[in-house]
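Next come two complexes, and both contain subunit A; in the first it sits with subunit B, in the second with subunit C.
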Partner chain A sequence: MKILFFGQLVEVVGTKELIIEGITDIHALTSSLHQQFPLLAQSKYVVAVDQEIVSGNQHLHENNIVALMPPFSGG
Partner chain B sequence: MSQGPSYERYHRQMILPNFGLRVQRLLLKSKVLVIGAGGLGCPVLQYLVGAGVGYIGIVDGDQISLSNLHRQTLFAIDDIGLNKAAVAAKKLSQLNSDVIIEAFTFHLTNHYALDVMKDYDIIVDGTDNFATRYMINDACVLLKKTLVYGAVSQYEGQVAVFNHFLPNGEPSANYRDIFPDPPKEGSVLNCVDAGVLGMLPGIIGSMQAAEVIKLITGIGEPLVNQLLTYQFNNHQVFTVKITPQSKTSSFIPTDATAFKSIDYVWLCSSPPNTLEINAAEFDQLTSQKNIDIIDVRELHELPVVQTFSHLRIPLPDLKESAGQLKNDTVVVFCQSGMRSLQAAKELSALWGDTKRVYSLQGGILSWIRFAEKK
Partner chain C sequence: MKERTPKNIFIQGAISSAFIADSIQKHSTKTDIGGHSIFLGQVRADEIEGKKVVAIEYTVYEEMALQKMHEIREAVFAEYPLTCMHVYHSLGKVAAGEICLFVFTSSAHRKAATEACSVLVERIKAELPVWGAEILEDETHQWKVNQ
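Then we have the complex of A and B:
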């Protein structure tokens, strides 16, 4: 499963893109990522699955593209 | 704009397919408020005034500084120290005298926001902080105004059209459908802290101006129920769909009175130096010198504390009296720890990280229990 990171999250995880396997839902994905990148747990972001923002948990398939998107404030 | 549109001035856009005189007249009748005349606001304003949007309001309480000039293209060296909205209005009136421009030379707060915004058709958010962004979003929901949002973060930018009323009479998604509650200011960096190249707000601001033109003219497909992220480094665009959420309304004030009573700055403030301390830590601090310990309860409240020296400044008077506090460490307490936490946040907001502020968790009652055991 492809995971995309946006904004400051790229600095937090050190990459724009990750491939993760064996993840079945969003909660499992985020808790696995938070474990791997503790600073990510302190960051605010929303999750988009296949370019649609989702709230709450959702089942994930291997061919989903998941994006973690933080809020931007600059102007 | 009493006469018809100038064919010569608007010729290049009027000859476009689906444009013409009717559409130009729509622009000339439209009222757009641009909040923030900075990196985003400058291109928004230049293109909207150039295109002949008839009534433009500009809100900005900031003064122009040298560090603005690399991206805020309406301003020049001689403008440094002057108000952005006033200078922008002056320069823009030289660009197109058809357009009626009103400058609001103050920071928009929820006290005036509804009054300022109510007379405009479309609101453009070109601000640079979450407190104002959430306030503008909520005001647009209350006033049923379409909001054209834009924001940047280092090498990426976002654009969206929020709260646009669809043919079915329902509003499209707004910012709180993505992020219901604000992140703490400081947890996400702004341009001052994170840096920005001038072209990025130039691009994002131009996209915002394009969304405004699309909304007014009906040309193209505005970013309704969508959030576009633009990546400067490779010109990639990533658009995600947003769906209005039923729970969002619970985050938005129900009416003007509720709106005005929200402290948006407070919602977004996350003083990193505010720390709750427990009774044992507090006990230790009571014996230290060069500390201001303050009881923020009302003067009549019991028990009166006599065991250690402290000041008594009730919470409502605290901000006003803050200047009297000379020490770099300030400890506040109240009965149960609620008011003192608020006091600590207020003081931290006031002082930034120049002083350390602590609040006694559980209040003086928890310390009394601790002291009795000791």
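Then we have the complex of A and C:
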């Protein structure tokens, strides 16, 4: 599954994109990422699955694209 | 209402005054318009711990931003009797003093144009997945926070 990072999160994890396999839901994904990147656990972000912001947990499929997005600051 | 497809709103670098002037000029043939409203966002040279902001570098989740902008555009067109709506946002580096956001609405009577323009600016800042890194004069940066 493709995981995208944006804004300051690119610096927190050191990459714009990761491929992670064997993850079945958002909670499992974020706890795995928080373990791998402890600073990510302290960062504020929302999760989008296939470009839709998701609140709470959700089942994930291998072909989903998951984005971790810090607070928007356009304009 | 005619179907609209997502338009690209992103421009690499600053939005030039010539581009804005040209955009205004193009409306002279649309004689049902009675009022335009324009918002221009400009990069401010804030001072952060004694260091000046010299530029903002914008990045985006482009597919999502264009889809979201399309939804905002449809919602604002549905709510206000607008003749035209144009939105342009910079990507990449924009120096302090340059224009990074151009929102342009037109309607038969002024109220729809001014209100729609204001709603658009607020929604763009709150809902588009765009991030600005404020580049400081010593080449370090910090991440912009929208108020």
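In this text, the second predicted complex is superposed on the first by the 71 of 75 C-alpha atoms of A that agree within 3 Å, B and C clash if a C-alpha of one lies under 4 Å from a C-alpha of the other, contacts with A are read in each partner's own complex, and residues count from 1 in each chain.
We take it that a residue touches a chain if its C-beta (ideal position, glycine included) is under 8 Å from a C-beta of that chain, and two chains touch if they have at least 3 such contacts.
Everything quoted here is computed from the prediction, not taken from an experiment.
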Which superposed partner A:Gly7 touches (first subunit B, second subunit C, both, neither): both
Touched partner set for A:Met69, first subunit B, second subunit C, both or neither: both
Subunit C versus subunit B, contacts on subunit A by residue: B
Touching partner for A:Gln51 - first (subunit B), second (subunit C), both, neither: both
Which of subunit B and subunit C A:Ala41 touches, first, second, both or neither: neither
Touching both subunit B and subunit C, residues of subunit A: 4, 6-8, 48, 51, 67, 69-75
Interface residues, subunit B side, partner subunit A - complex: 36, 38-41, 125-130, 133, 150-154, 156-158, 177-179, 183, 185, 187-191, 194, 196, 201, 227, 229, 238-243, 245
Sites on subunit C touched by subunit A in the complex: 41, 58-61, 63-64, 67, 89, 100-101, 121, 124-133, 143-146
Residue numbers on subunit A that touch subunit C, as the complex places them: 4, 6-8, 48, 51, 67, 69-75
Footprint of subunit B on subunit A - complex, ascending: 4, 6-8, 42-44, 46, 48, 51-53, 55, 67, 69-75
